[in-house]
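Labels run A, B and C following the written order; every chain starts at residue 1.
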C-alpha cells in the first residue's frame, strides 16, 4: 500500500484484497462488547474536513477510536479561500501539531493530493470534489463481497449523476482492479467528458441495462445521489422526468433477481433516484454499507499507521 | 551622448555586422565601427525589440504580485521593448485617469514602452461601453481595448465596441470564452482527462463559437478584431476562413500554448492553471502551424503574475495565469525555431513587427535599418539555460517552466538606444529611477 | 540456500521427528488432564495463529481420547495487540474464533508452537481480555527456546530447546506444512 491513500487506483488487486480481508476481522469488533483494539494507541488522527459530511467524518472517527487512536475533528469549512488563508497554510498548520495521519475531505478535486504533497504524514482522501472517494469504493466492494463473494467477473451497474460523482470514479477504478465489470447508466448530460476511455461500458437506457438485455445480467446496482441543483444547471428538465428515466422504481426493481443487492452511498433522495420500495426492500444493503464503512476505515487506518514498512509483512 | 556599438551581431540571423547606435537611433551598419561602449555580439542574433500585446502588470491593485516597474524589468530581461498592460486592474483601466497613470509609471521605470490597454466595458462588467474615446485621446493614446480576463459576451455590446473604435483605428482584443459554455469555475480542457480528474471542463467550443461570432461582427462592421490567446485547432480554422475573406482579424498565441499540454494537470498543480486552459497536443501542433503560416499573427505572453498565496490552493480554487515575459523567447525558440517552423526573421515578425502593427505602435517593430529607432534585442541562439524563478525580475514566481532548460537566452536589450539589459542582467535596478 | 534449507528439513536433521511431536503432544495432553481435572474440565484450548491453532485441536482430540472429555477449542489472533507493530510493519490479520460457550469463568489454555521472548503471550493475554474474563489462564507450548524478555513461563512445555539468538526454530505441522517436525537452522554462535 502506498504511503497515502488518495485514489482507488493506488491499490493493486493484492493490496485491495488484503484491506478487504482485514476489514472482515475489523468488522467482528463491532459485535463485541468491548469495541476497542489497541494497535493505534498513542497515535493522533486529524479529520480535516473542508466540506461538511457527518456520515464520513463519524465513520472515520469511530474507526480511529476503536483502534485506540486519538481522533480530532477539524472543520475547516470556509476557512481557507474566504479568509485569505491558503490551503497550504491550513494543511501545514494542522500537520505541525504532531499529527500521525490526516483524513482530508475537500470540495475541490485534487485538493487532497495537494495536501499530501505538502505534509510529512500519510493522508487519506475522504472525498475530493468530483474526483475520488476511495474508502467509499472500498466499503462498497466490502458490501458487495459480503453478498456476492469474490467480485471477479461480477457485473455492477452504477446509475445516476456519474459526471459529478467521486463515488462513481473510485468505484469504477476499484471494481476494475478487483476484476468486476461495470456499466455506467445516466442521461448523456450526466456522463463525464471522455467516459468512452474509461474501463467500463456506458448506457443511456436503465431498463435495458437492468434487464440484462444490453450488457448481460446485472449482479448489483449502485444508485447515486442526484443533486437537485443539477436541474437548474440544465442537466435534466424536471425531477419527474429524471425519476421516470433513471429512478429505481418498484417496477424496475422487478427486473432484478431477488438476490441482486441495491447500494446507495447516501444520503438518499427518495422518490428521485430511488423509490422507498428499493431503499427499504430486501435487496437494499444501505445499512450494511454504513457498517462496512467503519470496518473498512479501520482496516485502512491500521494498514497505514500500524507498521512503519509494508515490506515487513 | 555616448555611442554604443554592437560588434558582430547577426540581424535576424543573417550575416554579421557592427551596429552603431547614437541618439536613440541606428546610426550606422557595417564592419569595424567604433564607439564609446562596445558590446561583443559575435555570433549573436539581433532582433527588433520584442513587443508584447498582452501583459498583466497588476498595478494598480495587486502590487504584491507585480508593479509597472517590476513588470517592466521582467519585460526587459525577456528582450521586450514594449508591453501592453491589460485593463483588469483594480480599479479597472476604464478611464483616462487610470491609463495615464499606468503610462506615467511605465515612463518613470524607463525600461520598456508601457502601453496601457483600455477596458471595453465600464468596470469590465460587460454592460456599458467604457470611455473609449477619452482614453484614445488621452496622453496614453490607447489603441487596444480589451476586457481580457472576461469575454465581451454580449453580441450587441461587442458590435458597438467594434464600431465605436473606428475613428481611432483602434482594435478590440477579445478574450473569447462564452461564459455560458465555460463559466468562472471551468479550469481544465474539457476531455477525457478533465473527466477523470473531476475538474470543471473548459470546452474548446466556448472559444471557437465566440471567435466565429466575432469575425462575423468584424465583417459586418468593417472594424478590426484581435483574438487573444488562441488555444484550439478549430479556432485556427475559423481564423483561416475569415482571413481568406479579407476580414480584419488578427490573433495571438501564448508561448505556453505553443509548448505545454493538458496532461500536466494530472498533478493538480495550479502553476499549470491558465485561461484558456492547456490543450491536447493536437491543438498545440495546430497552433504552431498557424503561427508559422501567419494565420496567427503574433506571440503574446499573457504574463499573469500571482502571489504564492493565490496559487497555494486546490486547483479549482487557485488563480488563473502564468508568468511569461522572461521565458517567452526561449519557449518560442524551442517550439518554433528548433522545430524548423520559423526562422529568426519569422520570430521578429511574430514577436515584434506584427504586434507593433496591430497596436498601431510607432517606433517599435521596425526593421533593423539606419535611421530606425534603436529598440533591439540580442539573443544567443546556441545557449541553453535552466529556468530559475529565483532569478526573475518579476515580483512573482508562478512559471510553469521552472527547472526546464530553454534555448535562446536574451543577452542584451536596448530600449531607445540605451542598454537596459547586459549579459542577462538589468543595468538599471528597479526603483532606481 | 534452497539446498541448505532442504538439508535442514531432512527428517534426519530434525530435533523432533514426526513421531517425537506426536509423543510430546500425548504427554502435554496428559499433563493438562492432570492439572485441570479438578475444575471438572471447565476448560477451553485457544490456539494462537498460525500453528497454535492446529496444535490446540490436536490436544483437544487427545484429551477426548484419554479422558473422554470434549474440550472446546478456538483461535486467538494477537496481531492487533502486539507491541512491535511499529517496528515490524503491518502483518496480515489472523482469525479470532471464540470457543463454544465463550471464555468467561473458565480455564483457558493458550496454545502456541514456540515460546521465545514472551511478547506474543503478553499480546495474547491482552487479546483475551477482549473476549471475556477467564477464571485462570495457562500456557502450553511445543517448544521453549529460552531468551525470555518478559516475566512469562509456560505451564506445559513439550521440549526445552536451548538455542542461540542467531538461530531460527521452525515447527512444521501436517495441517499446514504437510509434515510434522521441529528444526533449528542457522549457526550456533
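Criterion: a residue touches a chain if its C-beta (ideal position, glycine included) is under 8 Å from a C-beta of that chain, and two chains touch if they have at least 3 such contacts.
None of these values were measured; they are calculated from a predicted model.
Enquirer: Pick out whichever of the two, A-C or A-B, is joined by more C-beta pairs in contact.
Expert: Ranking A-B and A-C by C-beta contacts puts A-B first.
Enquirer: Which chain has its C-alpha centroid farthest away from the centroid of chain A?
Expert: B
Enquirer: Taking each chain's centre as its mean C-alpha position, how far apart are chain B and chain C in Å?
Expert: That pair's centroid distance is 77 Å.
Enquirer: Using the average of all C-alpha atoms in each chain as its centre, how far is it in Å between chain A and chain B?
Expert: That gives a centre separation of 45 Å.
Enquirer: Report the inter-centroid distance (CA atoms only) between chain A and chain C in whole Å.
Expert: From the centre of chain A to the centre of chain C is 41 Å.
Enquirer: Please name which positions on chain A make contact with chain B in the complex.
Expert: 80-81, 84, 86-89, 106, 108-111, 113-114, 128-132, 163, 166, 169, 192-198
Enquirer: Which bits of chain C are touching chain A when the two form their complex?
Expert: 77, 79-82, 85-93, 95-96, 126, 129-130
Enquirer: Going by the contact rule at the top, pick out the chain A residues touching chain C in the complex.
Expert: For chain A paired with chain C, touching residues are 1, 18, 21-22, 25, 28, 32, 34, 36-39, 67, 302-303, 306-313.
Enquirer: In the complex formed with chain A, which residues of chain B make contact?
Expert: Of all residues in chain B, those touching chain A are 190-199, 201, 203, 267-269, 308-310, 312-317.
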